[in-house]
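Read the structure below first, then the notes.
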Amino acid sequence: MKLPAAVKRLVLPAIVIAGILTGITGVRAADYPTKPITFIIPAAPGGAYDISARLLIPALQKALGVTILPQNFSAGPVAPTQLYKARPDGYTIGIVSMPGTLLLQLMGSTDYDVDKYTWLGRVAHETYALAVAANSPINSIAAMKALGRPVSFTSAGPGSTAFAATQLAMRRLGLNAKIITGYPSAPEYILGVIRGDGDAVITNLTALTPFVTSHQVKLLLSFDDGNAVPGVPNARAAHAPDLAKISLDTLVGAPPGLPPEIRKRLSDAIAAAIRDPDTQARAKTASADLAPGNAAQAAAVVAAQHAFFTKNADLIGKP
Amino acid sequence: MPAAARTFVVPAAIWLVTAAFIISASRLGPVARAMPLLVGWLTLLLVTLDIVARTGTPVGRALTSALNPAALTPADAQATGSARAFRVGLAPILALIAGFTLIGALPSVPVFVFASLRWHAQRGFLTSAVLAVAVTLFVYGMFYKVLQLPLYPGLLFGGAWQ
Amino acid sequence: MIWQAWWTGFASLVHPAQLLLLALGMAYGLFVGALPGIGGATAIALAVPLTYGMDSFGAIAFACGVMGAVPMGSSITAILLNTPGAAPSAATLIDGYPLARQGKAGLAIGAAASSNAIGGLIGTMSVLVVMPLARRIVLLFRPPEFFLLGMLGLVVVALSSRGKMLRGLVTAGLGLMIACIGQDLVTGELRFTLGSQYLWSGVRIVPALIGLFAIAEMINLSIKGGAVVSNADARVKVERMSAGLIETLRHWPTVLRGSLIGTVVGAVPGVGGTVAAFLSYSITSQVSKQPETFGKGNIEGVIAAESAINASDGSHLIPTLGFGVPAGAEMAVFLGILMLHGLQPGPAMLIDHQAEIYGIVWALTFACVLASFIGLVCVRPLAAITTVPTRVLVPIVVCLALVGSYSVDQSIGNVIVSGVFGVLGYVLIRQDYPRLTIVIGMVLGGIIERSYHQSLMMSDGSWGIFVASPIAMTLAALIVAALVVPPARLAVRKAMGA
């Protein structure tokens, strides 16, 4: 069949141009990276995620050979949205905190979908724990149940992981309890327990550790299957294995649709950055617990948490 | 609009915004709406008193004397919405913000500085151009290079809308 | 033991490498603090990577250099251009900028520098005295006390608008309404966000202040023309360096009062330097014999605000070092730097790292005093900015202000907020509504609301919790006094005048 001349004039050049562009893109992927990479951090400077991210940056720059530009955002949907909507060219990556980012999505209409990010790896994995003030007369979960009045927990507001963890613990441990919400950050609600605003607090171990070390709080239960805190009962011992499903994971992601070659390059660089001896040394000095994981593990974390919170949507406290 | 009526425009606008705030707040849950409703109703009352204080009636004059003695009298109310105020003061800054949002910081800054100096400040072409370039270089050098703070690229060039 | 730690901390600082790092941090903080939108938190955060290669004393010296100098840099732009470099400086500009317009920019900067130094000294020295009691002090303030402290601040400032109390209360109400925007921390509900994800975190205070003061004033000047110095024929009075210092010493009760307010308020986590500055300013205007001169170029307004700001910066160390709970965003970053260098703030640090604590205090004191000295020395060239024709100055200041606003958290929403508040600020100026009260409403609204609900959750709905402790009762009494005393004074004056 003879093609009309006009089509020939349009189609052939289009094919040639597409071929050239593909070739150029192919060449670009091989050259990647050639300019600075933006690293989105969903926390104000000095926050926990900020420290983890900045620990990685020097080694990541060494592995990739370009400058990494940290870009801080306040907590909330802006950071994950910025990451989600960025161009998938490998020049924007970012920290995605789970399940916090997922809970925001489940709380309200956000412009991102956690299942669609391109996952590059995991930086940290933290267990949750239940603590009381060091001078509290409560020394065990059994004692908490025998109080004869509702136990009060201090926590952040609905939509936060701490709130969800507290709700889960109340149910699985069979506690008669109430939650005093409204604290803007972990140090504040932990301080709330020390002050006596409430009886107990549930949050991640990294936030609790400084207060445990300085003998201001004592741990009663760790939400894990193993031996995260020697001498402290775990979720199994408390007959509440479900508690181990709540954890804090710091993942590294990129926008959906990242080309596979660039994805591999970034995943390898992140893994190398975490393994770098300087990073490990700085992490040790900063008492930051790096728990590396690859892209597949990161994706598995997201899938598991999504399934868990979809099944237990009432934990989120959506108004 | 007569000068006497102009004095009511701003408090009337505040009254309407506060009323909308109260209506919106009443749709929230009981704890979430407690403070907004309290603040909204108190503000509505205060704005109503402010409006009455401007009427020049005996009640109005008594309110002004008791609670707002240094306030402008209706006759002295300064025109805020004049065409000149808009053209000279507000419009250029709104245009800069629009430019910032659409095409980003780096293109908007030199265009705005040049246009302001050339047509508003009546400076020569060369002076305006040199100052525009200098300010742009300072912004680029200080914020982007030294402090490594990204400059907004603009919605049309991939900037995020938030 | 404590004296030993004092001396060790001092000795560790007086070392060429440490002093150099302190000076570098100070120069950086002074310059960056003057940029609109770049407050202490951002300034230090940007410097965090620079501290990686430093030892712990070096990192402390550098960070303290930055923190000590930022307020001075911020005050300079507040006075000269009505543009707060950081949120607390919004209190300085209320009288600082009118002084600049009267050709007294040098006097204002000199007074700001002097009260900066004295306030900073008092704040940091108080840390030395109070640190052993840090734990007890921080534990005294629970949600009921936070609520009452917030209410006290609101009442004092809202009623301070001499002659315009009704309009001051209206704008305070507006400020409280604006503070309700965003995700409610207590219930998680989104309020008044108009479908915008930007507003989930509420209206950011720094972009709002940049709009309310800097942009609004630039709009006003654009229309009026002339120069910042309002009398075009007046030459800028080039004061000697000592003029501002003399004024500060002359008003020593104001300095002491501001420093005390700053020290007390700064020790309470979450309340911040902005509240301290506005509270000090308002109380000073109320006790003054010429309250009607405030807002029109009364040097005491500058002194009150500046002494409180720097005193609070020093006492922010109390909850931060004593508990590991940052007193504000800047302290959160500083905490991060300490942790990166193996120091864990908290009661353990009070016992095991006393030398480092006193090193921090000394470094902050040095930086604050040195930065103030540089401010004093640079009074003349800085004051010359006020003679530049506004039609040349306005576009430059507006561009820097908006770029700075965007830089707060790299969100274009900040620029739009600055624009909206700029228009609002201009309207408020022309219609003679005070802007001071809208700021205090915005700053305190969140603390007041959540601590109110938290108190009732703690007490299962009983209002008795608000008078259950000595501090709560004292604060409640102060609120009543703040409501009753000013009209009583007025009535007595009128009766005596009659």
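Letters A, B and C name the chains as they come in the text, with residue numbers starting at 1 for each one.
As a working rule, a residue touches a chain if its C-beta (ideal position, glycine included) is under 8 Å from a C-beta of that chain, and two chains touch if they have at least 3 such contacts.
Quantities reported herein were computed from a predicted structural model and do not represent experimental measurements.
C-beta contact counts were set side by side for A-B and A-C; A-C has more.
Centroid distances from subunit C, each centroid being the mean of CA atoms, peak for A.
Mean C-alpha positions place subunit B and subunit C at a centre distance of 23 Å. Annotation: 38 Å between the Cα-based centres of subunit A and subunit B. Averaged C-alpha coordinates give centres for subunit A and subunit C that are 33 Å from one another. Counting only residues that touch two or more partner chains, subunit B has 29, 32, 148, 150, 160, 162. Across the assembly, subunit A contributes 71, 78, 81, 319 as residues in contact with two or more other chains. Chain contacts: subunit C has residues 46, 184, 186-187, 189, 197-198, 410-411, 453 touching two or more partner chains.
Interface of subunit C with subunit A (complex): residues 41-42, 44-46, 48-49, 52, 138-139, 142-143, 183-190, 197-198, 200-201, 204, 269-270, 323-326, 329, 332-337, 339-342, 344-349, 409-411, 450-451, 453-454, 457-458. Subunit A makes touch with subunit B in their complex at residues 38, 69, 71, 78, 81-82, 85-87, 319. Residues 44-47, 50-51, 54, 57-58, 71-78, 81, 107-108, 110-111, 152, 156-160, 163, 178, 180-184, 187-188, 191, 194-198, 210-211, 213-216, 282, 285-287, 317-319 of subunit A are the ones touching subunit C in the complex. Taken together, the subunit B residues at the contact with subunit C in this complex read 10-11, 14, 18, 21, 24-25, 28-29, 31-32, 34-36, 39-40, 42-43, 46-47, 49-50, 53, 63, 67-72, 77-80, 84-85, 88-90, 92-94, 96-97, 100-101, 105, 109, 112-113, 116-117, 120-123, 131, 135, 139, 142-143, 147-152, 155, 159-162.
Across the complex, subunit B is touched by residues 32, 35, 38, 46, 162-167, 169-170, 173-174, 176-177, 180, 184, 186-187, 189, 191-192, 196-198, 215, 218-220, 222-223, 292, 389, 391-392, 394-396, 398-400, 402-403, 406-407, 410-413, 415-416, 418-419, 422-423, 426-427, 430-433, 445, 448-449, 452-453 of subunit C.
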